[in-house]
Amino acid sequence: MAERVFHKSILRNEDPQILAGKAQYLDDIELPGMLYAAFKRSDYAHARLKSIDVSEAKALPGVIGVYTAEDFGDLVKPGPLQVPPPTAIKGATYASRTIMPIVKDKVRYSGEPVAVVIAESRYIAEDACDYIYPDFEPLDAVIDLEKALEPGAVLVHEDLPSNEAAHVIQERGNYAEAAAKADLIVKKKIYVDRVAAVALENRGIVVNWDDKAQMMTIWCSTQSPVTLRNATATRMGLFENQVRVITPFTGGGFGPKINTSMPDDVLLTELAVRLKRPIKWYEDRRENFMATTSERDQVHYAEIAVTKAGEILGFKDVFYHNSGAYDSYMMTVPLNTQTHTVSNYKIPSFYTEIIMVFTNEMVVTPVRGAGRPQGVFVMERMIDAAARELKMDVAEIRRINLIQPDAYPVSTGIIGQDFVEGVLDSGDYPTALNKVMEMIDYKNFREVIQPKARAEGRHLGLGICTFTEGTGVGPYEGAKITVGGNGKVSVATGVSSQGQAHYTTFAQIAAEQLGVEVKDVKVTTGDTGAFAWGAGTFASRGATVAGTAIHLAAVKVKDKALKLASQFLNTPESELELVGGFVQVADLPDKKISLGDLASKANPMRGTFPPGAEPGLEAVAYYGPPYGATGAGCMAMILDVDAQTMKPKIERLVMVHDVGTPINPMVVEGQVHGGIQMGIGNAFYEKIHYDETGQLLTASFMDYLFPQATDMPSHIEMDHIENPSPLNPLGIKGVGEAGAIPTPAVFNQALEDALYDTGVELMESNLSPSKVYTYVQKAKGA
Amino acid sequence: MTQLVKINLTVNGVQYEREVEPRLLLSDFIRHDLHLTGTHVGCEHGLCGACTIILDGQSVRSCIMFAVMADGSTIETVESLGTPDHLHPVQEAFMEKHALQCGFCTPGFLMTIVDYLGDNKNPTDEEIREAIDGNFCRCTGYENIVEAVKLAAQKMAAHS
Amino acid sequence: MKPAPFEYYAPKTAEEALQNLTDLGYSGKVLAGGQSLIPAMNFRMARPSALVDLNKVAELAYIKPTAEGGFAIGTMTRDNVVEHDASIRQKMPIVAETIGYIAHPQIRARGTFGGAEAHADPAAQIPALCMLLNAKMLVKRKGSERWVNAEDFIVGPFMTVLEPEELLAEVVLPPLAPRTAGSYKQVSRQRGGYAQAATISLVSLDDRNKVKDVRCVLFSVGETPILSKYAAKVLVGNDATTEAIADVAAYVAKNECDPGTDLHGTAEYRRQMVEVLVGRSLTEAVARAKK
Amino acid sequence: MKLEGEHVFNGPRADVWEMFYDPAILASAVPGMDKLDVVAENEYEGVMNVRIGPVSGKFQGKLTLTDVVEPESLTLTVDGRGAPGYGKGVGKANFIQNADGTTTLKYDGDMNIGGALASVGQRMIDSVVKSMMRSAFETLDKALEARLETKKTGEEVNFTPPTTTEFAGSVAKDMVGGFTKVPELRLILYILPVVAILVILALVLSK
């Protein structure tokens, strides 16, 4: 038997190259004759562009051209929708206003480009931006989500009757009836603010138009290479095989790099063709904060209806979701919020209403978590509020309401981002909760440690929350696997990689079937020249959806190899196995043929070829799940708070997680660690701040606080439970967003618990010591 | 006319003489003039640490230095450490402890840590966190980087 | 984020540098460590038309003991050189303790002692440290020089008494009295980040543990570092009791600082932090001085 | 941001109000005004050429004056723009005669700063604004003292405006001439915290 390589912590194939500084990232690409782009961006969030004077900028030595809307003609129109509207939801209304490549008449967010400069260097391009003089007529900005909908409010899109971008109501059971039966109804207003993805590598694109070959090559750190290729070809009237998108090594994605038809890719592809020279744009950090999409701002009005015993009968949540200036990404984020609000609790009645609002802020699209952290924050905070009123233990109230392990599959009655009703495929939520309670020594903490600390005047608080993570949604992904004449295996898939270890985990999936070493499998992701079908890397779906497609393709190749080998070895297929790069007879391992030889034989260069046969040891397969696989988990945290400065220290952080069958447990843990860093950042450090004119106030790391090593707990304690997903043959569930989802909710609960003597209630995320201090002062005064 | 200034410096053991514009950032000089693209640029205001190099024996931010300021100095970048086939002990430790994911911040971490471990042979967990506090990582939560530094310290002790 | 063009001068001697500054007048700007200036230039917030780079002026980087038992620090001495100087660590441990709070080691490897003083950032440690230690600034211009007390050197946020032709050449830290100890306390959002409020205290005790002298400097809570007058008034000649320190902390927070509200904290919070920090730093300084 | 506060001038309201009409004095409190044109009644446009240390930049400012009740109050709307950013503000000033012969100026304004300055310069705005206000009032205090002394003794008392350095090198000293033709120069005082802040911010990072 071959040694198993699936479900094993194998060191990464890609690491030596990266560690040696030899991995090629976008800005490392230099082509002969390359030009550099910079965008002149609007300082105003909402203004009419009356005119723009670029004459001085054009005259600067080294400037090749300065282009404004009028230079781009018909290209200046709203881009395509990135995500379709949720027509599957009855009664849903929406207005689609997609992002513009460049400002023609009106600026709708600060940072929207009004001109693009192409120059011999980025330095000169930035110099030229200083000599561009736009004449703006500033308008009042739409910022506050609720005021934006008041009659007479200034309109972001004047052709619409209001700033309402969408309105979606979903209900299961009947909340009004549930509320009527409840012993207690708690109502709260809850805020979640905006954060940035902050991939360490900013966005970027290199476009080369080879005029002789009539071929366009685009290198882009995109999460969606196939979409980028197809949209580019469509827009430019090119054949799809005239455009090749290559995703180089990418320094993190976390959501925003999913967007295509952004100003940069629309304008620079056009200019590369006009100028017949390669053009590079590597976004700088200030641009990244201003003009790359971000997420999370929502205002919730939530109600929880419970019995005296703590049983949750119903939940109601009406929330305003900030869409930003455009809504090209439609409703993925708020739909995720809806599906993740009550998903792991058996709540019979649930009413959820989205009011999506256009504002003069940067466009909102998913950031690691993508609406899920908000849903979980609202639910968990409301359970805590109910527990407080009922004087119940926070773990106990959760325990009694969790969905039980024998209940799957559980239909949620709520349609999600994939436009089908959410179904929880598998899981064991009570076990996750119990494990976390054991690991953090819950009973002992409550009965011994905490009382003792309190007696000593210390402020130790514990938070414990559960969550689900809808992952691995459709539509589909595909893969092509080819065995070479040397027996080495090439895998190509349409998703791109931003650090998720695909070069290893995908290789593990293929190697497991083909009996080769993981290092002998070369994975190519995000190169449309290698594979050009698929939707992209988002929603924790790479491993689940593309991974399954790779598995299916590998099985096909394996079958092909066995069939062929059976002829050469004169042995029935059932007696053959793939081991160590050979197909061998199970009982007579010396009777074998190498995969390389088989591959060569399957690709004859002379002679005849049987009708219906396909050459080579190669196969393509596709996989589309009926609905997403749902991961889940539980997190607990102990905070030690300095009650004078309100500075918390994370004493312990424990997490138990269910990803189904992990392909590579080491990689899974790493994914969770990273998510937790973002979750801690979201809870207490990170916040994108706009003022009331729509001016971004946090466009640097001086004011946008990125969580550092000393902001993290000294150790993240983790354990896993494995409830394989029945939806795919490998039992995989996604994990990319898990860590980010529960952390802010756990953090707030622990803070409240630590500051027990103040009675403070923290119904807001993105806190700071000062904000906690203000809340505490208010609580003390009340 | 653009002013050009002649500079002489040694990078990874190779001596270079170049003429540069005074405003050219050292990070851009290393990456685009010397084509040593292992040094990355993440913020250009001295906070993320992706551009960290070792200059005259100390880890510094190359994005908030002008190339002209490095005239006469000796620089090491990530390319000086090891090759894919022969990794430096710190690089090995990063691989073995899964201390990198997207890898963009990694060269900056490596240069910070190589400098740090030169002076601190046996750091505690807390000291390690303080030592890497000026390098940002979005993927790993720093958890495995701390582990890798501990392992690297052991490896380097064994090597010496 | 690339800096705008500028003329570049790289003098090798202090005299040459002073000549450059004289010639350039208002268009000249000193480039010391560049750890604040270059980020500002990358954002194109600062666009100096000419830079006089002092990094090649070796004669401006030194630490020398003074005849009185203090230290003279050349303006281009890197922060980490001062931080790790054995003699300063032994005689004035508060210096290393304070410098340890400046950003991260990579910044301290390039940032300079004089550069930070001349930058006069209200949130910066070195101007506060100089005020705490009653430092003397040697200001040179071509052909002449003058001495300025630390308390008079900074006149506002990012503003000093330096004229465009002038250069801060040296900072002299006078010796400390026996039985003197300091303590640094700050509240910042993150380690290495800008302080929301910070205090450094320096306490000298007499043989009977009565306070002989006390200097308590607040910073990041006003336009410049602030030396508390009240602390000296109340504590000198008396026992530094818990009650006395609490009284000082409360008074200082209420009357001697002027923090504002920014993205990271309200004025009220920062004022409250001043009270907490003054209490903690005075308490610790007294305890250390007693040892 | 909110700009709110008061300042007590050591003199009667009539003199304070009058002082605010003296262009020479106001010019000394205001950096860099190059040109100020009346574009309509109570509407002015100005250009400030500012050169502060190594930083130089051109700012255009527009101000509108409303609700003028001499010598009690006025409302001012300012809109300044330059390469590093823009500022917009509305401020209300009330002059209150006190029983002891002094005059309290109460001001209450709301200001927005935009562009690079706002997006990356947040942490320093508060202290710089406060410092600017303080400097301006110190200048005006001295000016008022000199005026009152002159009035009392009948002799010209020299008023020395702050030096360039005291003003962070912020005042181009040669602009007084251009001002004298414009009686509404007092308005400049209020553009100071708006436009000058932009300029100062640009330089502060470099100081």
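Labels for the chains are A, B, C and D, by order of writing; each one numbers its residues from 1.
The criterion applied here is as follows: a residue touches a chain if its C-beta (ideal position, glycine included) is under 8 Å from a C-beta of that chain, and two chains touch if they have at least 3 such contacts.
It should be emphasised that the depicted structure is a prediction, and the values quoted were computed from it without experimental measurement.
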Which of A-C and A-B has more C-beta contact pairs: A-B
CA centroid of chain A to CA centroid of chain B, Å: 29
Centre distance in Å when chain A and chain C are each reduced to the mean of their C-alpha atoms: 44
Chain centre separation in whole Å, for chain D relative to chain C (CA means): 31
Distance from the mean Cα position of chain D to that of chain A, given in whole angstrom: 49
In chain B, residues with contacts to at least two other chains: 21, 23, 44-45, 130, 133-134
Residues of chain D whose C-beta touches two or more other chains: 116, 120, 122-123
Residue numbers of chain C (touch at least two other chains): 1-5, 39, 41, 43-44, 191-192, 194, 263-264
In contact (per the touch rule at the top): chain pairs: A-B, A-C, A-D, B-C, C-D
Touching residues (chain side chain C, partner chain B) in the complex: 1-8, 10, 31, 34-35, 38-39, 41-43, 51, 53, 55-56, 80, 103-107, 109-110, 191-192
In the complex with chain C, residue positions of chain D that touch it: 51, 53-57, 84, 116-117, 120-128, 130-131, 134-135, 164-166, 168-169, 200-207
Chain C partner contacts - residues on chain B that touch it in the complex: 2-3, 5, 21-23, 25, 28, 44-46, 49, 52, 55, 58-61, 63-66, 68-69, 71-72, 112, 116, 130-131, 133-134
Chain A residues touching chain D - in the complex, by the definition given at the top: 43-44, 110, 130, 138, 286, 289-290, 691-693, 695-700, 702-703
Chain C to chain A touching residues, read off their complex: 1-5, 43-44, 187, 189-194, 196, 263-266, 268-270, 272-273, 276
